[in-house]
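Consider the two complexes below, in which subunit A is the common component and subunit B and subunit C are the respective partners.
Here is the complex of A and B:
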């Protein structure tokens, strides 16, 4: 895959947008200890990445946007924070894998990529906790049950229901993100007067 | 276009309201603001500590982000509370704003990991609350602040 200069510049703009959102809103939400802050950030970030994918519908473009955003996150106010950086990169990677497997851009692909990308927010601590922060899967699991208890009012003993509900919420939000990204991309392309070809989503 | 904007607006409001909904335990220690306490609880055990109670225990120093803190090791705290660390699977630290974090007991028993009640140069900063965890070298969110309770999970 070889991207033109124009395509690289377009992807860099979308990556920079995602990165700026992470640096500004991300720092704010984390400071305020707001539940679901990771979901909010992933939803916004994936929207940007998916719209970017629509503008450059080439294999690897979503991941490229994620890489740019990750690099920008290095300049976050709180210094180098590994967790969110891994989060951005893996969300972009998950979306990239889905979109690449499905081939030609279509709404269903965007919905699936958004859903799985946001769902990754739920699963990521189980990977990064033990690998990067010396935590055990057991304590990450306890955290998950506590979050479910706080958000849904479910007793931590109802573990299956908590996990099912949280997963459903993440998937649903991600699916809406994918659906909206498709429409936003279409709208932007019309507004910007981009030529409609078989390679873009119109 | 209008429908799309409306949908985005509704989604944003839903997400933000979900975010704002769950900060349940604002200032659990307001009743004792002048003399805040830390509760160690779990099973049949429940013991409250004030800063002076903790100062009576052996003091240890630990540094995080270029700040040196004074506090007690978790091992010393558990011993004083009459809890056998070998019976503990995890400890849940609860902050006054509702934030909580579970620690594996093996992660907390190192000599340089402390529950801090002061800085080397004075009191804890206001946003540290009365008590905070100090895990040198660990990620920021593992260094929980504004602690009001440590729940023992056996």
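Here is the complex of A and C:
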């Protein structure tokens, strides 16, 4: 992937924005232990990354934004938490794969990338828990049911319903993120007077 | 008189500056992470001891910064549940029943979390962001060094402009009605401002004939022992993973 100076600067802007959100808002949400804070952060981060993709519609640009944000988070003060870093990278990777597979940027692609990117937040503990911290999948599963029980008020024995409801919530939030990103990108391109080409978003 | 210097643990700074570079630090970091991820449970304590000893030698300050309440609480929260959830509750302490199998599992989790946190804390305090960007550039992500530099340069301004935009929106009651529209306008204002700044940076770089494909990668600090550490860490990792004690 060969990018021009302008494209690199544009990707830097979006990477810096995502990194800034993770460093400032991320630390605040984690400290206050607000429920679904991971979803909020993923939603904001993916909005930024998807808008960035609309400005640099090239393969690998979303992942590039994610790598910049990860590096900023990694080297931020007091930011030594592996989960968010793995989260940023994988969300960017998921969005990148979806957008690269669908080719030219379009609203449906953004919606799918957003939905799958946010849905990753639900799956991440099942990967990082056992791999990095040696937690059993069973413990992670119980945590998930407990969280679902607290959030939705469903009985923990209705495991399938809890998981289905949580997945639906994550996918819906992600879809809204994709939809909004497309609108924001379009609005920005109009406001900034960017040329509208076939590879661009309008 | 006892000075802070005389109490410091680990290798002397002059030694580290001469013999350890980015590759060495990253080799220790990846070795630590991979060792606790891949080593079977029965050999995990040995792997953890080796990783923690290496960390104590190379970046002892990582332990001090982990002695904060939030890290200790986090380790506790991750390590305690298996005591009651895994296996039969065959033992008790002060009247609280717990499982011996769960105790072993909890100790393994605590060890893993400790090693991972120490490794990340140590690596980030020893290696600078431009060196990592330089390594990634050499691995194929051309222009990452430039982008990371621009991003770092943009951060303070971005934070300020985001705060200004948020306050303006808040003071004008932009979030009282049509909150979604207000948030969308907030995002547009912040991103538009940042893109204008990026445009200026790109113009300045182009005016100085900067071309990403012709640019030299960010410099990486190489220490005399870097390759030796890398050469030792790979077979060491394989030994932990495959050779039974």
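Note that in this section the second predicted complex is superposed on the first by the 199 of 202 C-alpha atoms of A that agree within 3 Å, B and C clash if a C-alpha of one lies under 4 Å from a C-alpha of the other, contacts with A are read in each partner's own complex, and residues count from 1 in each chain.
In this text, a residue touches a chain if its C-beta (ideal position, glycine included) is under 8 Å from a C-beta of that chain, and two chains touch if they have at least 3 such contacts.
All values reported here derive from a predicted model rather than from experimental measurement.
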Do subunit B and subunit C fit side by side on subunit A after the overlay, or clash?
clash
Once chain A of both complexes is superposed, is A:142 in touch with subunit B (first), subunit C (second), both, or neither?
both
Of the two partner chains, subunit B (first) and subunit C (second), which one does A:11 touch, if any: first, second, both, or neither?
second
One more residue to check, A:133. First (subunit B), second (subunit C), both or neither?
both
Contact-wise, after the overlay, does A:83 reach subunit B, subunit C, both or neither (first, second, both, neither)?
first
First, second, both or neither for A:173, with subunit B first and subunit C second
first
If you stack the two complexes on chain A, which partner ends up touching A:187: first (subunit B), second (subunit C), both, or neither?
both
What's your read, subunit B or subunit C touching more residues of subunit A?
C
Which partner does A:51 reach: the first (subunit B), the second (subunit C), both, or neither?
second
Contacts for A:39 in the overlay, against subunit B (first) and subunit C (second): which applies, first, second, both or neither?
first
Figure out whether A:74 sits in contact with subunit B (first) or subunit C (second), or with both, or with neither.
second
Taking the contacts subunit A makes with subunit B in one complex and with subunit C in the other, which residues are shared?
82, 132-136, 138-139, 142, 180, 183-184, 187
Any idea which subunit B residues touch subunit A in the complex?
1, 4, 7-8, 11, 15-16, 18-24, 89-90, 92, 95, 97-104, 107, 138-142, 153
Can you list the residues on subunit C that touch subunit A in the complex?
33, 36-37, 41, 44, 65, 70, 78, 81-82, 85-86, 105, 108-109, 111-113, 116-117, 120-121, 124, 128-129, 132-133, 136, 141-144, 146-152, 154-155, 158-159, 162, 184, 187-188, 190-192, 194-195, 197-199, 201-202, 205-206, 210-213
Listed in rising order, the residues of subunit A that touch subunit B in the complex are 29-30, 33-37, 39-40, 43, 78, 81-83, 132-136, 138-140, 142-143, 146, 150-151, 173, 176, 180, 183-184, 187
Going by the contact rule set out above, which residues of subunit A touch subunit C in the complex?
1-6, 8-17, 19-20, 24, 31, 47-48, 51, 55, 64, 67-68, 71-72, 74-75, 80, 82, 131-136, 138-139, 142, 180, 183-184, 187-188, 191-192
